[in-house]
Structures are given as structure tokens and as C-alpha cells.
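The two complexes that follow have subunit A in common; it is paired with subunit B in the first and with subunit C in the second.
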Partner chain A sequence: MIGFLLRRAAWFALTLLCVVTLAFFLMRAAPGGPFSGERALAPSVEAALRARYHLDWPVWRQYLAYIGPLDWGDRGWIAGDGTHPFGGVLAGDFGPSFKYRDFSVNDVLAQSLPVSLELGLLALIFAVVLGVGAGLLCGLYPRGKLDFWIRLLATAGVAIPNFVLASLMVLVFVFLIPIFPVAGWGDFKHSVLPALALGTPVAAYIARLVRAGLFDALSQDFVRTAIAKGMPTRIVVLRHALRQGILPVVSYLGPASAAILTGSLVIEKIFFIPGTGQHFVNSALNRDYTLAMGVTILYTTLVFALNTLVDVIYTLLDPRISLEQA
Partner chain B sequence: MKLEAPRTGWNLTGAPMEALLAKLERTKGQGLWGIAWRRLRKDRAATVALWFLLLIGSLSMLAPILPLPSPVAMHVDKEPLEPQPPWSRVGRHKFEREYWPLSTFDTQLVRVRELAFRDFQTGPLLGTDSKGRDLFARLVWGSRTSLFVALAAALTSLVIGVLYGGISGLVGGRLDRLMMRVVDGLYALPFTFVVIFVLGLIGTTQSVAGLGREAVFFIAIGALYWLTMARVVRGQVLALKHTEFVQAARAQGAGTLWILFKHVIPNVVSIVIVYLTLTIPSVILSEAFLSFLGLGVEPPKVSWGLLAVDAIEAASPLRVYWWLIVFPALAIGVVLLALNVLGDGLRDALDPRADLGGSRQ
Partner chain C sequence: MTRAGRARSWLWTAPAAILVLGLGWAAALASRSHLPAADFTFNNNSEVSTLDPAAVSSVPEGRILRALYEGLVIRNPENLAILPGAAESWETSADGLHWSFHLREGLVWSNGDPLTAADFVFSFQRLLLPATASPFASFLFAVSGAEDFHAGRGPTGSPDWNAVGIKAIDARNLNIDLASPRPYFLQLLATTALLPVHMQSMQAMQQRYRERWMSEWPKPKNLVTNGPFVLGLRRINDRIRLLRNTRYWDAQHVAFGTIDALAVEHWGTSLNMYLTGGLDWLDGSVPPLFVTKMLGREDFRPDAAPYLGLYFYRLNCTKPPLDDVRVRRALALSINRDDVCAKLLKAGQEPCTSFVPWGHIGDYTSPRAQAQNAGVAKRLLAQAGFTAQHPLEKLSIHYNTAESHRDIAEVIANAWKNTLGIDVGFSNQEWKVWLDSQNKLEYQISRSSWIADYPDASSFLGVFTSNNPNNRTGWKNATFDELMARSERELNPERRNQLLVKAEQILLDEVPAIPIYSYVAQNVVNPRLGGFSNNVLNEQNPKFWYWKSDDELKRERRERASSLELVAAPGPSAGLYSQAVQKQSGARRP
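For the complex of A and B:
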């Protein structure tokens, strides 16, 4: 287990380094800069700003200063509040944001991340509950009418993009039957529709996985034995088949959380939710170098951590798999 | 099959023999494709999906010739119109020849349309949007964009994936291990984020490194999906490699590339087609997703993702323009559903492990 985690950590460090390097140089190679925005600044002002953030340095030197805890001469990148010097990414300091003056990237992320995480978690819980529930119904009443309709709905749910679903939901539950607020963030009422829209495609996929897993398990010998011994179907499905049928769902949770994170970019835009997603798109468009890097690093880390967590949980659930093979 | 035995020695002529030959002709061995086609035809849902997709495909191919209103001509002074029945005169006006810069081919098609229909055009069958543009025309022209992006990006992923997976599997050994490690590494990357990042950087820039903005867009989406394709192809190639006919070719001194193109690719085609059908809906989804974020297709061009944005932006509690939300949603949903169903059906039909009698339900 420890060996596995260590190997994962090394792999992660390598991946992250690649991502950071790639993102950094791509961004500098792209035309435009953080200060070439809507209104043109006076050349002297722009030069002063560039000097303040050390954009006048050669790119490799900016890169090293961005990464490293080592002091490469005059570091001087001013962090958000202007009271302490920039520490470098390795020290967990993402530097000042270029667009949100007077905020450091760490501040911006600290404000928006809890919102995105809450939304994502709600969506994930909803997806798992609904998905496993629907799949179980299929397993309990196989090949019946209910099974057919759930399968159809699940296929449709996988096919329909979440933002289309979101706009339909807004149409029905906000405008036609006004029970939910149109947009914003705050109490639980605000989060219901976004979480539903975000979770439904995942729920549909999970339902298909559970159904397939249950059907697979139900055709196996140990289930036949249990049935032959006179155990009621309900107990066979819930106790024996589900335990095996749920395994694919666990391994899907990693990709599922990645899908929810990705989807939240759009959903946050539709419902005007102040999450991290908006920053991800806007910062790249605005050339807010530090914020874009910060969000990229954050998302890479999240996806990687979730995948590792899922792998660990998987081995705990299924004794046939050992992490050493993974 | 009842064969008639020749009665008199080796008499190989005459009517019975001809009947026999004709029978043989008719029962000639069925290839994989024949069997697959028959099985697909038996799958009701997949057949319906196939015909539906063919219909949509030809509709969007013919978009410039159809007597549709212009997808971009605005009538800002008017309120959005509800869907009108075909015989209604409401909201009808003469055809305005306004498009985004079209390719030469499309321009010719539009010229044909002008010759054939002159000023005639359909009324606002599905209503008009907040800028007075005809929704039906926008949906059809949007399908053109979306489906074209989907095909182009899926082909990109196909080419990269097949070449990468094929070479990795064929060469084997250390190179194979290295190449697959790279794929593993890329899997760990949140690739969507990288693509969003790159497209965000490109932003409104018109060309990057000599490539047009749209070409970069296709490649970026294609790059999202080649990984699984590479894995699938590699797995299949590894299995093929140990078959006798490939070993025979190798023993005769055939080169890797020769084996790849002559022996391996033809045998990988079926699995690739299945995976391709399942990739296209994801690509359409990605296109819509990226266009929705303002990173994909740019106005005045239309795509389904942009239509979804329009719908969201026009939504207001004061007046509900339901048709702007419902029809694009239906279009995207139904086409994606059909593609998924067809992909599932093809997978079942091409599955060599399935029983060959075609007796499956």
C-alpha cells in the first residue's frame, strides 16, 4: 500500500511538472498579455506594471522564479496584500492575480473552491443515490417494463448534455412552475437545480453500470446456489449480487468526479454560481497568467487525488485486486 | 440446404448442375459485413437510429439548397415569434442572402437555391430567436457545423489513435512499453482542462503556427479522444500479431508498415468503427460544450452549442421563449441518443463472439 502511494506520488509529481511547464510556456507563447486588455494603457504605465510583475524578465527566468523556492536574484513578485514576497509554487504560493488586483490567486481559489466542491459533492451524492437505486430496480425486476424504461432513460441521460438539461430545468422549474430561484448561490434552494443538472448524466451512466454488473453477477454460480437454497430474490440481489455489481461503479467514481468538475464549468456559468469554473475559462481568455496556472494546478491535483483515492477504495472492497499490480 | 446429387457419373452439365451452381452462387459465404448488416437490421432500435441519422445527415448536407431563410439575417425590431404553422403568413418576408463567409462549394449551392426558389422561403416553422433569426434555419445550418466538426475531430482521433496503437502493438517490446506509459500518463492528465486552456489561449487569434483557428479546434478535440482508440487498437493488434497469417508474412520478410497496412488495419476495422460511432457523440458533446464556453465555433457561424447559449441568454422571467430552449435541446438530445443507440447496435452486430446464426434478439 505504502509503495503504491509512493509510486503514485512520484508519478503525480512528474505529471504536475509537465502540466505546469507546458501551461507556462504555452501561455507565454500565446499572443497578448494580461495588460493588453480592453482599454490600452499608456506605454509608461504598462512598462511599470510589467516591471512590477517581472514580465520583462526572460521567460525561463520567470519560469524558474514561478516554480522554485530558490531565490533567483531579485524575486520581488508581490503577493496579493503586498506584504510578503512571492514564495513560488513549490511553497504553495500561486502569486498575485493579474486581473483581480489586490487579490492573490490563493485568495481567489480559497473563496471559490468551497462553492465548487459543495456543488460537485451534492451532484455526486445525487448521482450515486439515483444511479445505484435505478440500477437496483433493474436487477430486482429484470427484463420487465420498469427495466425497459429505466434503460431507455439511462441511455437518454448519458446522451443529453448537462447544459441542455440545465436549460430545460430552468424552463420548467423556474419559469413555468416557479419553485426554484433562477440563479445565484447561497442556501440549499440555489443548489438543487445545478446539482441535478450536473449529476443526471453521471447517474444515468452509474445506473447502466449497476444494471450490467447485477445481471453479470446474477448469472453466476454463487447466486444460483443462493437461489437454489431458497433465498428470496430480494436478499440475493441486495446481499450477494450487489456486492459484486457495485464494483464497476467504484472504479467509475474517478472519471465521474472529473466529469462533474468539467461540467461545473458550464453549469456555474448558467446559474451564475461563484465557483472556480468561471475563473478557469476567464483567466485563460484574460491572460491572467498566475490565476490560470493556479486553477490548472488545482484541477490536475484534484483529479489525480480522486483517482488515487478511488483505486485505494477499490482494493479495500475487492480483495482479489492488489495495489501492487496496479 | 438440399443439394441434388448428379445421377449419371460425372455429368457436369445440364439443368440440375446449373441449378446447383446457382444455389451455390446464392449461398456464397457471408463475410463479417454481411452478417453484421443482417444482425443490425434485426435490431429495431439501431435500424431506426440509422435511418434517422441518414435523414438528418442529408438534411444538413443539403442545407444551402433548401428553401430556408438566412440563418443570420437579423430583424431586431420585432419580438421573437412563436413557432408558426406552415400555412401561416405571420413573420414571412422575402429571402435575404446573408451568410457567414461560405466555402466556394457552399456558395455555388446557395446560387442553385436562388435559381430554384428565388424569393420563396419557409416561414418561421420553429419560431424566431431574440434577434429575429429563423430558428429552423439556424438548427439546420448549426447541424452542418456540429456534424462536420464531429466528423473531422473523430477522424483526427482515428488517425492518431490507429497509427499510435498499431505501431505500439506491432513493434512491441521496449517501444510498446514506453508508448503505453505515455498514454497512461496522458490519461492521468485532466485533458479537457488542457484543451480548454489551450483554446482559451488561442482565444480570438485567427491562426496559430500556420493553422487556422478551426483546424486547431478540430485537432484539440481529436486529441481528447485518441487515447482510448490507441489502447483499443493496440489490444487488437497484439492479439492479431500472434495469428498465423501475420507470422507467415513476417517470416517472408514483410516490413512493419506493410504488415500494418495490409494485414492488421483491415482486421481492426470493425472494432474501430464501433468505437468511432461511440466517439462521435462525445465529440459533438465536446463541441457544444466548448462553443458554449465561447471557445469553439464563433458567431456569426451557428452550431448547436451556440444555439444553447442563445437560449440561455434569451431566457427571462418576463417572457418565456420556450421554443428557443426546447427545439435545440431536442435536436442535440435526439441525435446524440440515435448515435449512441447505433453504436451499441453496431457493437453487438460486429461482435465475433456472438452466435453466427443471427438468432440473437
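For the complex of A and C:
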């Protein structure tokens, strides 16, 4: 196990370096810059701003300083008196944000990530409970009416975009039956609609995976043997088939959790939630170089961590899989 | 453990995992701080970029800065006339060059420090320092020695602050000497760029946090301000909470104890929040589909709110065929502005043929432009050498990706096709790419807009001077530059207007850009809100806001006597008046 984790960590470092390098140079290659706006800046002012954030350096030098090995020199992160040595990304310092100029990237993430995590957790709980539950019902009563309706709803849930779902929910639960606030972030009641909108497509996908996994398991020899021995279907499904049938869900949940926990631009816009999701898109649109790098690193780390967790859970669920062979 | 035992125990792991997740979520929910509702909540449309007055000032920043700080003078929201701010009075010499400002007695910052003339000197110096990199340093270039100081020059070669005409005589008296008179100098002083910042706290933050000071200084616990409100809370992309500044000189007349400025970007959400009582004011963010639905309500009156904003098309004057003035005039003469306003925009925007929106600002009136005329347009195009045998090759309208811009471009392209027979294509680009192409003159015809910094014609006409970085058309005209420069120095309003009219006439003849329509302010505002007025900058000052009493609201509705649809505006019976607001009732009108 420890050997596995160490190998994973080495791969992670390598992947992260590649992602960071690629993202850094792609960001800089995009036309326009963080300071362009409808009101053009005087050339001297723009030069001073670029100098303040070291954008006047050659890109390779900015890159090295961003990563860490090269010092920002006497000017520091932002031109000041520069006595504070710069740590760089390696020291967990993501630098100042260009768009939210009163905040560092660390501040922006520290404020928005807890919101997204909280909302994402609620959405995940909802998705797993509903998805696994619905999939199980299909497995218990295969090819019946219930199975048909669940399959239909699950297909719809996967196909309908979440902004349509969100708008419909606002229409129904805010204007027709006024039980939830229209938008905002504050109390529990603010979290319900966005969590449902965020979790529904995942729930639908999970339901389909569980159903397919169960059907697959039910046709296998060990299950047929169990049934032939007179074991009730309920017990067979819950105790034997589900254990195998849930494996695809576990591997799906790794990347899905990373996506859900980091928020969604659309849901955050419609429900006015100060989460992380919008930064993934807006930081690139704003040419907020440092924030874009920050969310890229965050997401890469989360995906890697959750995938590793999935692999560990796999061995617990399926004794045929061993980490050492992985 | 046996295999069966393992299998059975496994069944418990899923509910257990859910339970753990649930507990984690519950802990997060419990740790969330609960905010009581504010006395007043409005939509500020987006997250402000910074609270540093020198750094940036688009509309959302302006609303917050005017609540947090107070400059020497402020503007009356009813008519934008200058009112005393931190300065209670001022004098100017007959030649308009020497200004003396007298600060109110006993002014203090929100931390209790006395506010003196030296604070204004520090703030203006900071604005001018090249290291501050302020886009608004030029607002002070009228001050003697200021432009040289900003450029790093001075009488002795190196920049010398003593050579700049901004001097604190004593704690309450500030002198400003101008190199040349500026007729709109007081209006400049009322802009957010010239708000004072607190020297001691800024320097203390620089000492303490070194190069990180810029993200520490504006934190609620650190920010020291002098306006009617102080910064109570700031959550990125959520809200800024403003609290009444008890140390403000006029605090007893500030009605609202707390104001929330929300950063709702989605227009539909913003309107939904207003309609369900979550917002009391939103501005400029009514989804186009809802404009006609909202018109006729007493809380949405864009038709009564002309706004100093101009939607226009820049023409690239450096490349054929648009380097030929006859082609540019032909295009301008064949635009159907009425269709754009009446069929697309619908909120009361006016077709505009002048470079000053609405054709006038204050006592300035734009010269009359030639009206839409297909015959003249065709003749001009023929004179430029484009006939049926040699048609003008395809033109392209360049805009930043947004449905509204596309719709307008299609209407105009259609008019050019029908009148002049020109095929017009479209190129849409993402915002920053679009800006980049416009700056580099990599376009033929490019969608643009401009809003006034201060209510003066020069705020619009000045854009087209040769050295203005916002020109972005490649058009240059020495006579125009000269007229604009003279108008800057001319104190006699009549003679000044004549100069500006001549300058604008050159723009109308040369057509470096085609004006299309004038903006309206699209405020959706609770009828209960007092101290709020439509003005051409749509500039509000929260210090004047208050809730109207039932009587006042009734009287106003009676006096209006129009057929507007009344909307619910809950008053005291709905608990609208918090304890704090009631105590301060009778807020002062400007």
C-alpha cells in the first residue's frame, strides 16, 4: 500500500508539472491581457502596471519565478520594497489575483472553496442515495414497470442540461410553490435547489451504472448458483450482486466528485453562489493568469487525490484487485 | 473474519460513508456565519475589482467608493450640481487658476484620526506617482507641474513634488494651482479617482505586509475611510456589506445602518431576486425579453432616465476602403437607427446622430447632423469609385460575443445591403480578444460604447484626439486637436461651447465613428426608496437614501397621476423600518 502511494505521488508530481507548464504558456499565448478594458490605458500607465506584476519579463523567466526556483528579485511579487522573499507555487503561494486586485489567489480560493465543497457534498449525498437507490430497485424488480420508469427518468436526467433543470426548479419551487429563496447563499434553504440541480445528472448516471452493473452481476455463475440454492433474490442482490455491480459507480465517482466539489459555473450563476466553479471559466476570460493557474492546480490535485482514493476503495470491494499489481 | 462476515459488514460501509459525508456537510453548514438582513440591498452587477480609488473606477466600483469615501466635493444626485463634501466651502480666482478649499471643522477618519488637508495632498500625490500606475492620473494634469511630476520630470530634472501646485496651508486649508483653467475642474474633483485615502494606515500596511500590502489594506478590519459608510464585510462574488460610519460628519442624517451590495451577474436571477423581495434596486440588468413586460410599472422608468452613454461603431480609418471619408459618410448616412431602438432595444433608447449622446450635455448642444439619406449616400459611394460595375468588396462588423450586439449588427448590415448594395459579414470575438483587435486596429467596423466620466461634452469628444489611447480608429486631425485643447482652457462657457461645436462638426464631417443610439438608465427600484434620482450619470449617493413614509409615497403617487402600474412597496407594517432606520428618520434630502 505504501509503495503504491509513493509511486502515485511521484506520478502526481510529474503530471502536475506538465499541467502547470502547459497551462502557463497557453494562458500567456492568448491575445489580450489582464489590464485591457474598454477604457484603454495610457502607455506609461500600462507599462507601470505590467512592471508591477513582472509581466515585462520574458515568459520563461516569469514561469521559473512562478514555479519557485527563480527569485522575483528586488521587486517582490508586487513592486514594493521587496524584502519579502517569494516562495512561489512550491511554497503554496499562488500570487496576487489580477482581476480581484484586493485579494491574493489564496484568498480567492480560501473564500470560494468551502462554499463549493459544502454545496458539492450535499449534491453528492443526494446523487449517491438517489442514484444507488433507484439502480437497486431496477435490480430487484428487473424489466418491470418500475424499471422502465426509472430508466426513462435516468435518461432524461442525464440528457437535460442542468441550467434548464435549474430554471424549471426556480419556476416551480420559487414562483409557483414559494418554498425556497430564488438565489443567494446563506441558510440551508439556499442550498437545496442548487444541490438538486447539481446532483440530478450525477444521480441519473449513477442509477444507470448501478442498474447495468447489477444486471451484469446477476447473469454471472456465482449469482445463479446462489439463486439455484434457493437464496431469496433480495439477499442475492444486496449481498452478492451489488458488491460487484457498484464497482463502476466507484470509479465514476472519483472524477465526478472532483467536478461536483469544485462547483459549476452555470449553477453558481443561476443561484448566485460565491463558489469556485465560476473561476474556472472567468479567470481565463479575464486573463487572470494567476487565478487560472490556481484553479488548474486545485483541480488537478483533487482529481488525482480522488482517483487514488477510488483505487484504494476498489481493493476493499473486490478482493481480486491488488494495489501492488496496479 | 469469514467471507460471509466480510460481505455482511461491507453492506454497512455505504450508509456509513454517506453518514460521514453528511456529518461533514452539517459541520460546514453550522460553521457558516449567519448574516442578518441589511436595511437596504441592491445589485452592484459584478464583483468590484478593487477598493483603491486610484486604481480603477467602473460603475460597480464607483457605487461602493462613493459610500466609503467622501471627496472635497460631491454631486447632487438630483441634477449633478456640485455640493460641499469634505470641503465646506471654496474660492477660485478670477482667472480660474487658483483654488482654495476649506475643510469642515472636526473631520475624522473612521478610526478616529483627524482628517486634514495633508491627507488630500498625500492622496493626490499618490494618484500622480508613476508607481501607482493610476489610469486617472490625467484628471490632475491641469494642476501646475502635475503632468511633469507624473512623467518623472521636474524643474531640476528629477521629479519634485514642491513644484506641483497642490499645497496644504494648514490642517483645514488646501490650495490648488492650475497651469491652465479647467471649466469642469469641480466636476473632476467629484470623480472617485480623487477621493482621499488614509495615509497612516496605508503606510502601516506597507511596512507590515511588504509587497502583500495591497491585499491586506482593503480588508474590512484594516480599511480606514472617511465617507458615510465603512466596510463591514466583503465576500468575493457575494456581497459587500456597508455599515453606517458613526464618525462621519453628517452621520445623524444617514438613514440606513447597513447596506448590502450584491454581485449578481445573471440578469434573470437579479430580476427574480428583485421580484421576490431580495433586492431593492438593480441597474442596467433587465433581460431584454423582460423589458417590454416591465415597462409601465412604476418601478421601471427607463423612458424617464436618459443616460450619458453612447453606442457607436468605430471605423478603421487607416485601411481602404474606409480611409476614404466619402465611404465613411455613405455608411453613416444609410443607417436605420430607428429600427435598432424601436424594434430591438425597446427601453426608450434614442437614435443618436451626434457624438454627444442625447445631443446635449448641460448647456452644450451638438451641431445638427445630416439625417439618414440614401440618395446622398449612394452618390458619395459612387464618387469614391464604387459603382455597380465596381462594387465595394465585403465589409465586416466586429463585435464582442453577445446576442444583443449581433442583433444590432444584423439590422445595420441589412440597411447597408439594401441601400448601398454592400455585403456585410460579421466577426465576433471573445471580450479580451475583441479589445486587443480594436487596439491594434485589426478590424474594419467595430462595435463600441462609451460612458461619461463627468457630465461634460469633452468627456465624449476628447476620445477622438490624436493621442488619446481610446481613439482606436487611426483617425487624426490637427484642427480637431487644437480646438479641443483650446476648449480645455476656455473659461467663458459660451465661447467654450462654440469651440466644442466646431470640434464636433469636424467629427460629423470626417466620421471616424458612427453614433448609433443614446443610452437610458435601466433602474428597477423600490418605489419606497427616497433620496434616489434619475440623473444622466445614473450616479447615486447612498448617504441620501431613506425609506419614504406611507404618506410621502401616497403623495408622490397622487402627484404623478399617470397610468403607471403600482407595485407592492411594503412599509412599516411589513417591518421594513428597522429600529435603526426609524431613529434616523427624516433623512436629509440633498
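Criterion: the second predicted complex is superposed on the first by the 300 of 326 C-alpha atoms of A that agree within 3 Å, B and C clash if a C-alpha of one lies under 4 Å from a C-alpha of the other, contacts with A are read in each partner's own complex, and residues count from 1 in each chain.
By our rule, a contact is a pair of C-beta atoms (placed from the backbone, for glycine too) under 8 Å apart; a residue touches a chain by one contact, two chains touch by 3 or more.
What you see is a predicted model; the values in this text were computed from it and never measured.
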First, second, both or neither for A:99, with subunit B first and subunit C second: second
Subunit B versus subunit C as contact partner of A:43, first or second or both or neither: second
Between subunit B and subunit C, more extensive residue contact with subunit A: C
A:269 touches, of subunit B and subunit C: first, second, both or neither? both
Touched partner set for A:159, first subunit B, second subunit C, both or neither: first
Partner chain in contact with A:318 - subunit B first, subunit C second, else both or neither: neither
Touching partner for A:216 - first (subunit B), second (subunit C), both, neither: neither
Subunit B/subunit C common contact set on subunit A: 30-32, 167, 170, 174-175, 178, 182, 269-270, 285, 287
Complex contact set, residues of subunit A against subunit C: 30-33, 36-45, 48-49, 52, 75-84, 96, 99-104, 107-108, 111-112, 114, 117-118, 121-122, 124-125, 128-129, 132, 167, 170, 174-175, 178, 181-188, 191, 238-240, 243, 246, 269-272, 274, 278, 285-287, 316-317
Sites on subunit B touched by subunit A in the complex: 185, 188-190, 192-194, 196-203, 205, 281, 285, 288-289, 292-295, 308, 311-312, 315, 317, 320, 322, 325-326, 328-329, 332-333, 336-337, 339-341, 344
Contacting residues of subunit A [partner subunit B, same complex]: 11-12, 14-15, 18-19, 22-23, 26-27, 30-32, 155-156, 158-161, 163-164, 167-168, 170-171, 174-176, 178, 182, 258, 261-262, 265-266, 269-270, 280-281, 283-285, 287, 292, 296, 299-300, 303-304, 307
Complex contacts: residues of subunit C adjacent to subunit A: 7-8, 10-11, 13-14, 18, 21-22, 24-25, 28-29, 32, 34-35, 47, 49-52, 55-56, 58, 130-135, 137-138, 150-151, 206, 210-215, 217-219, 234-238, 262, 264-266, 268-269, 272-273, 276, 278, 430-433, 435-437, 439, 448-450, 469-470, 472
